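Next come two complexes built around chain A: one with chain B, the other with chain C.
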Partner chain A sequence: MKKAINDFIVRFANVNGTGSASANFLFAKTIFRMGIPVTPKNIFPSNIQGLPTWYEVRVSEKGYLGRREGIDLMVCVNPQSMAQDVKNVKSGGYFMYDSTKKLPAEYLRDDIHYLGVPMMEMSNEAFSDPRKRQLLKNIIYVGALAKLLNMEVEAIKVLIGEQFEGKAQLIDANMKALQLGLDYAAKHFDFPLPFHLEKRDLIVDKILVDGNTACGLGAVYGGATVMAWYPITPSTSVAEAFEHYCKMFRIDPDTGEHKYAIIQAEDELAAMGMVIGASWNGARAFTATSGPGVSLMNEFLGLAYFAEVPAVLVDVQRAGPSTGMPTRTQQPDLLLAAYASHGDTKHVLLLPASPKECFDYTALSLDLAERLQTPIMVMTDLDLGMNDHISEPFHWEDGRQYDRGKVLSAEELEHVGKFGRYLDVDGDGIPYRTYPGTHPTKGAFFTRGTSKDEYAAYTEDGAAYKRNMDRLLKKWDTAKSLVPKAQLYQEKTNQK
Partner chain B sequence: MLFFGTSQFSAEEAKDLLAEEGLHLDAIRIKAFPFGREVEEFISSHNLVFVIEQNRDAQMRKMIIMELDTAPSKLAPVLNYDGMPITADKIKNEITQYLSLEKKQVHELSKTTV
Partner chain C sequence: MSYLKPLFKHPRLPKNKLGYTLKEYEGSLSTLCAGCGHDSISAAIVQACYEMAVEPHKVAKISGIGCSSKTPTYFLGNSHGFNSVHGRMPSVATGASMANKDMQYFGVSGDGDSASIGMGQFVHVIRRNLNMVYIVMNNGCYGLTKGQDSATADQGSKSKAGSINPFQAIDLASMAIELGASFVAQSFSGDKQQLVPLIKAAMQHKGFAFLNVISPCVTFNNNPGSTKSYDYVREHIEATSTLDFVPEMPEIKASYESGKSSRIALHDGSLIQLNKLATDWDPENRISAVNALQQARAKQEILTGLLYVNSEWKDLHGVLNTYHKPLNRLDESDLCPGEENLLSINAGYR
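For the complex of A and B:
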C-alpha cells in the first residue's frame, strides 16, 4: 500500500450499546485537534441494542468532507458483522480485530493485512468491573490506533481529561487502557502504517458540530420563543438543543422566569397546530420533525399557507416512505414539503449544507416566515443533523434586528381607513396583519382556511377566490428575491 | 452539475476528480426553493445539467421541470438512495458513464447516417 499522509478512511464495526460511540468520537476529535480535516459518520441501526453499528472516519488533508468509497483500515470488534467487514476492506488495506478469540479461517484474505489485538483479554486482566471492561476495551483499540497512525497521544489525554473532568478514577482507568493499547501495538506491529497522520494547522477557527445542534441554536438566536414538537428520529436532538440553549440564554437570571415554551405535543398534527397558534398570536414558533411528521402536518401546512400564518418547520430528512429506514440518510421529502397539503400550495424551502448554514437558515427562516406570512421549511437530513461536521464558526451581529414583517400597530391602525387583512397594498403579494388585541375597534379579522375576500370575509365568489390565489402566487414571486441565492462555481475553461 | 444540501461536499470533490481527468464542469448549488433567476440562467445557459440528489425519484429534477419548464432531456439525474451519504466516486462514475454512453450513441448514429 502506498504511503499516504492525512488521507485515508477508518471504519469501526461495533455492537450497538457497548459504549463504542465515545471511544470512536475520541479518535475523530483527536484528529480534529491535530489540525487535520476529518469527517466522522455514525452508521447505526434503528433498533436500540445488540445490532451492528459502524463509525466511519474520513481523514482528508485536502479538506474533502464528503464520503469516499474504499476502507483503508477496518477496526472490527463485532463478530456479528465480521464476514461483511472483512469483505469491505480495500485490497492492500488493514483489518484490526479482537484476537482474544482466534479469527475464523473463512475471514482470511491474502490481499489484506491483519492486526490482531487481544482487547477483551487485556481489558479483563487490567480491570475488575465487568461494565468498565467492556468500555475500556474500546479505549485499548484507540491506544493501538494511536501508535499505528501516529496520533498525538497528548491530545488524546487532554480529551480524556476533559471528558471525565472531576472523575479521577475514570481518568486513570482510561489512561491505563490507552497505554495498554499503545504498548501492545508498539511491541507487536510495525508502525506507523503506510497511511498515517501528521499534525497540521488546517482547522484554524473551524468548529466540529452537528446540524441539529446548529438548528437549535439558530432558533434561539433567531428569536424563537415557542417550540412544539413530537419526538422522531433524526430530528429529536433539534428540540434537545433548543431546550439546552434556552436554559442557557432564556432564563431571567434575577427572577428565574423561563422566557420560552417547549411543548411536547401528543402528535405531530398537534405540534404544527400549536406552532401556527403561537405564530398567529405574535410569537416566533417552530417545530422539528422528519418525513413521517411532515406527512401528518400536511393539513396544517395548508391552513398556514392559505390563512397566511408564519410557521417554521425543520425537516431532518431520513429514508422513507412510511417508517422507511429511520436511522439512514436521504433527501426524500422535497416534493412532499414543497407542495405539502391539498389544493394549489407551494412552500418555501431552505436547503442548508453545513452546520453553519443550519444555524444561519434556521434564524433566517423565522424572519422569512414573518416577512412572507407563510410556512418556511428548513430541509436538512440525518447526515447533516446527527453527524459531526467541520464547520465555519457561527456568527451573529449583535445589532441585527428581527424582520417581523408587515404587522400594523395600534397607532398605524388609527391611520388606516378600512383594514384589509388580505389586501395587496404594496403590490408584492404580501398583505398586512395584526396581532390579536392590538386595537380596541380596528384590525380584527377572522382567520380561516376557507375562501375569503380581501377583508377576510367569507366568500364563495369565484373571482374573489381567484384574486386571492393569484396574489399568493405574486407573493411566491416576491419570495424568490428574499431566499438565499444559489452558489455558482464557474469553470473558466468550460463552454456551452 | 447541480446539487444542494449535503451532496455539496461529495459533488465538489467529484468536480475536482473529473477536472483531473480533463473534464471541467460548471456547477451550481441551490440553497432555496423557489428558484431564483440565477438558477434559471444557469440551466438555460448549459446544454446538459447533471442533477445530483439523494432520493430515488429525482425530486429536485422534477421540481425544476415543473417550475422552470425545463426540457427533461436536458437534466440528467445522478441519484443515491441506499441510506448512506452519497460519495464522490459515485457522482464521478455516473457522470463519466453517462458521457461515454452519450458519445457512443452519437458515434453509432453517425455510422447509420453514413
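For the complex of A and C:
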C-alpha cells in the first residue's frame, strides 16, 4: 500500500449500546487535537440496542471531509457485521479484529492485511468488573491504533483525563487499557502503517461540534424563551442542547426560577401551535423537528404566514418519503418547507453549512421571524446535525441587540391615529403589530387565518384580498434584502 | 346579521370598580343566527368580566374554528383575540400563556373543535393544568358546516333531517375530571344566573378551568328528538347547586357549614359560595363528582353547576418554575449569556 500521511479512512464496526461511542470519539478527537482535519460520522440504524453501528473517520490533510469510497482500515468488533466489513476493506487495506476467537476461514481475503488483537481476552485478564471489561476492550483497540497510526499518546491521555475528571479510578483503568493496546501492537505488528498521522497545525482555533448543539445554543443566545417540541430523530438533540444551555445560563441563582419554558408537546401540531401562541404574545419561540413533523405542521405554518405571526422551526432533515430511513441523512424537505401549507405561501429558509452557521442562523432566525412576522425555517440535516464537524468557533458580538421588529408600545399607540394591524405604513410590506396586554383601549386586534382588511376585520372583498396578497409579496421582496447572501463553494481547480 | 353598533353611550350607564361600563366589555355585533346559544354565552362572559372589573386588555381570547370559535369577535373588543385553526386552540393558548403569565386566557371552542379534531390537544392541555378558562359551547353538532352530528351528540338523539345518532357520546365534563382538570363545571347557555358566577369563579381559579356549556344550535339541532334542543335541555336540567362567587374576602374563614350550604376557598382567598342541591356530592372529591355525573346520566338528566374544584395543584407555570416576570418581558441582559461564556463553550469543543 502506498504511503499516505494524514489521508485515510478508518471505520469502526460496533454493536449499538456497547459503549464504543466514547472510545471512537476519543480516537477522532485525538487526531483533531493533533491539528489534522478529521471528520467522524455515525452510521447507525433506527434501533436502541443490538444492531450494528459504524463510526467512520476520514482524515484529510487537505480538508476533504465528505465521505469517500474505500476503507483503509476496518476495526471490527462486531461478529454480526463481519462478513460485510471484511468485504468493504479496500484492496491492500487492513482489517483489525478481536482475535480472542479465531477468525472464520471465510473471512480471509488474500489482498488485505489482518491485525488480530485479543481484545476481550486482554480485557478479561486485566479487569474484573464485567461492565468495565466490555468498555475497556474498546480502549485497548484505541491503544493499538495509536501505535499503528502514530497517534500522539500524550493527547489521548489528556483527553482521558478531561473525560473522567475527578474519577481517579476510571482514569487509571483507561490508562491501563490504553497501554495494553499500545504494547500489544508494538510487540506484534510493524508500525506505523503505510498510512498514518503526522502532527500539523491546521485546526488553529476551530472547534469540533455537531450542528444540533449549535442550533440549541444559537437559540439560547438569540433569546428564545419558549421551546415546544416532539421527539423525532434527528432533531431531538436540538431540544436537549437548548435545555442544557438554558440550565447553565437561564436559571435565576437566587430563586431557582427559569427564564425559559420547554414543553414536550403531544405532537408536532401542538408544538407549532405553542410556538405560534408564544410568538404572538411577544416571546421568542421555536421548535425543532424533521420531515414527518414538518408534514404535520403544514396547516399551522400557513396560519403563521397569513396571520403574520413569527415562528422559528429548525428542520433537521432525514431520508424520506414517509418514515423513510429515520437515521440516514438526506435533504428532502426543501420544497415541502419552501411552500408549506395550501394557498400562495412562500417561506424564508436559511441553509447552514457548518455548526457555526447553525448557531448564527438559529439566532438570526429569531430576529428575522420577528422582523418579517412570518415563519423562518432553519434547514439542516442529519449529517450536519448529529455528526461532529470542524467549524469556525462560535462568536457573539456583545452589545448586539435583538431585532424585535415592528411592535408598537403603549406610548406609541397614543400617537398613532387609527391602528391598522395590516397597514403597510412603511412601504416594505411589513405592518406593525402589538402584543396583547399593551394598552387598555388601543391596539387590540383580532388575529385570524381568514382573509382580512388592513384593520384586521374579516372580509371576503376581492380587492382587499388582493391588496393583502400583494403586500405579502412585497414583504417577500423585503425578506430577500434581509437574509444572508448565499455562498457558493467551488473547487478552486475547477475554476477557469 | 352584521351592522355597526351605535357609538352613543348612555351617560348614566353603571360603571364597575375600574370605571368601565358593560359596553366596554362588548365586542362587535354577532353574525351568528338569531337565538344561537353561543351568543348568550358571549353575553355571560361580558357580564362576568364587567362584574369582575378585569382590565379588558389583560385578557386574551383564543379559539379554534366553528360558529363557537367565532364568538371571541363578539365579546371583549378591547382584548386581543386569536381565531386559530380547527381543534388547535389549546396549543396556541399554551404558547401564549408561556409567553406572559400575567394575563387572563379565555379559550373558546366547540364540541367539534374539542371532542373530535382537537381531542388530542384538549386532553393534553388538561394534563398540564394550564391556567386558563376553557369554554366548550356544546351544541352536539357541527354548526358551521351545517349540522352534522358531533362526538358529543347523545346516542339516540335525532337530527333535523331525521336520522338517529348510533354512536356513544363523549362526555367532556367527566373526561376532564378524569384527566385531572382542576376546575370543572357544566352549564346551559339559557341559564345566565348560573353561568355568570361560574365564569367568574373559573377566571379566579388558578389552573385549568373547564366549562362545558350546553348551547343549542337553533338552525340545525333544535328539533324535537334532539337532546341538545332548548326544550329538551330545559326539561332535563338538574343543578348540583346554586352558587355565587365572592371575590376576595379574607375576613371570612373558608369552612364548610353544616347542611347544604358550603364555601370553597380559591387560592387567592376568594370564595365560591355554594348552596348544594345534589345529595352525596362533594365538589372537592373527584370520585364523588364523577359519580354525580354518572348518576345524572343514568337518569337522563343534565347535571349543571360546579362539579369539581381543586385549588391545590400547581399550574403549568408552577410545574415549570418559570420566572416571576413574564418571559416576553425579558431582554438581552436576561437572556443572552454573552461572548465570554461563548469563549469557554468554544474551549470545551477543542
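The definition used in the following text is that the second predicted complex is superposed on the first by the 487 of 496 C-alpha atoms of A that agree within 3 Å, B and C clash if a C-alpha of one lies under 4 Å from a C-alpha of the other, contacts with A are read in each partner's own complex, and residues count from 1 in each chain.
Here is the rule we use: contacts are C-beta pairs under 8 Å (C-beta built on N, C-alpha and C of every residue); 3 or more make two chains touch, one makes a residue touch a chain.
Just so we're clear, the structure is a prediction, and the values are computed from it rather than from any experiment.
Superposition note: with chain A as the common reference, chain B and chain C can be accommodated side by side. When the two structures are aligned on the shared chain, A:Q487 is found in touch with chain B, with no touch to chain C.
In the superposition on chain A, A:F25 makes contact with neither chain B nor chain C. Once chain A of one complex is fitted onto chain A of the other, the partner contacts of A:F195 are absent, as it touches neither chain B nor chain C.
Using the contact criterion defined above for the overlaid structures, shared-chain residue A:A479 touches chain B, although it does not reach chain C. In the superposed model, A:P332 makes contact with chain B only, not with chain C. Looking at the shared chain after the overlay, A:K41 reaches chain B, while chain C stays out of its contact range.
Once the two complexes are laid over each other on the shared chain, residue contacts for A:Y141 go to neither chain B nor chain C. By the touch criterion defined above, A:F306 lies against neither chain B nor chain C after alignment on the C-alpha atoms of chain A. When the two complexes are overlaid, the chain among chain B and chain C that reaches more residues of chain A is C.
With chain A used as the common frame, the shortest Cα distance separating chain B from chain C works out to 20 Å.
Put simply, chain A touches chain B in their complex at residues 39, 41, 43, 64-70, 319, 325, 328-332, 334-335, 338, 346-354, 357, 379-381, 383-384, 476-477, 479-481, 483-491, 493-494, 496.
Residues 4-13, 15, 19, 24-39, 42, 45-47, 53-57, 59-60, 62-63, 81, 83-90 of chain B are the ones that touch chain A when the two sit in their complex. Chain C contributes residues 55-58, 60, 62, 72-73, 77-85, 88, 90-100, 102-103, 120-121, 123-124, 128, 317, 320-324, 327-328, 330-332, 334-339, 341-342, 345-346, 349-350 to its touches with chain A in the complex. Residues of chain A touching chain C in their complex: 33, 203, 205-209, 217, 220-221, 223, 225-226, 228, 245, 248-250, 252, 255-263, 265-267, 269-283, 285, 299-300, 303, 393-398, 400-402, 434-441, 444-450, 458.
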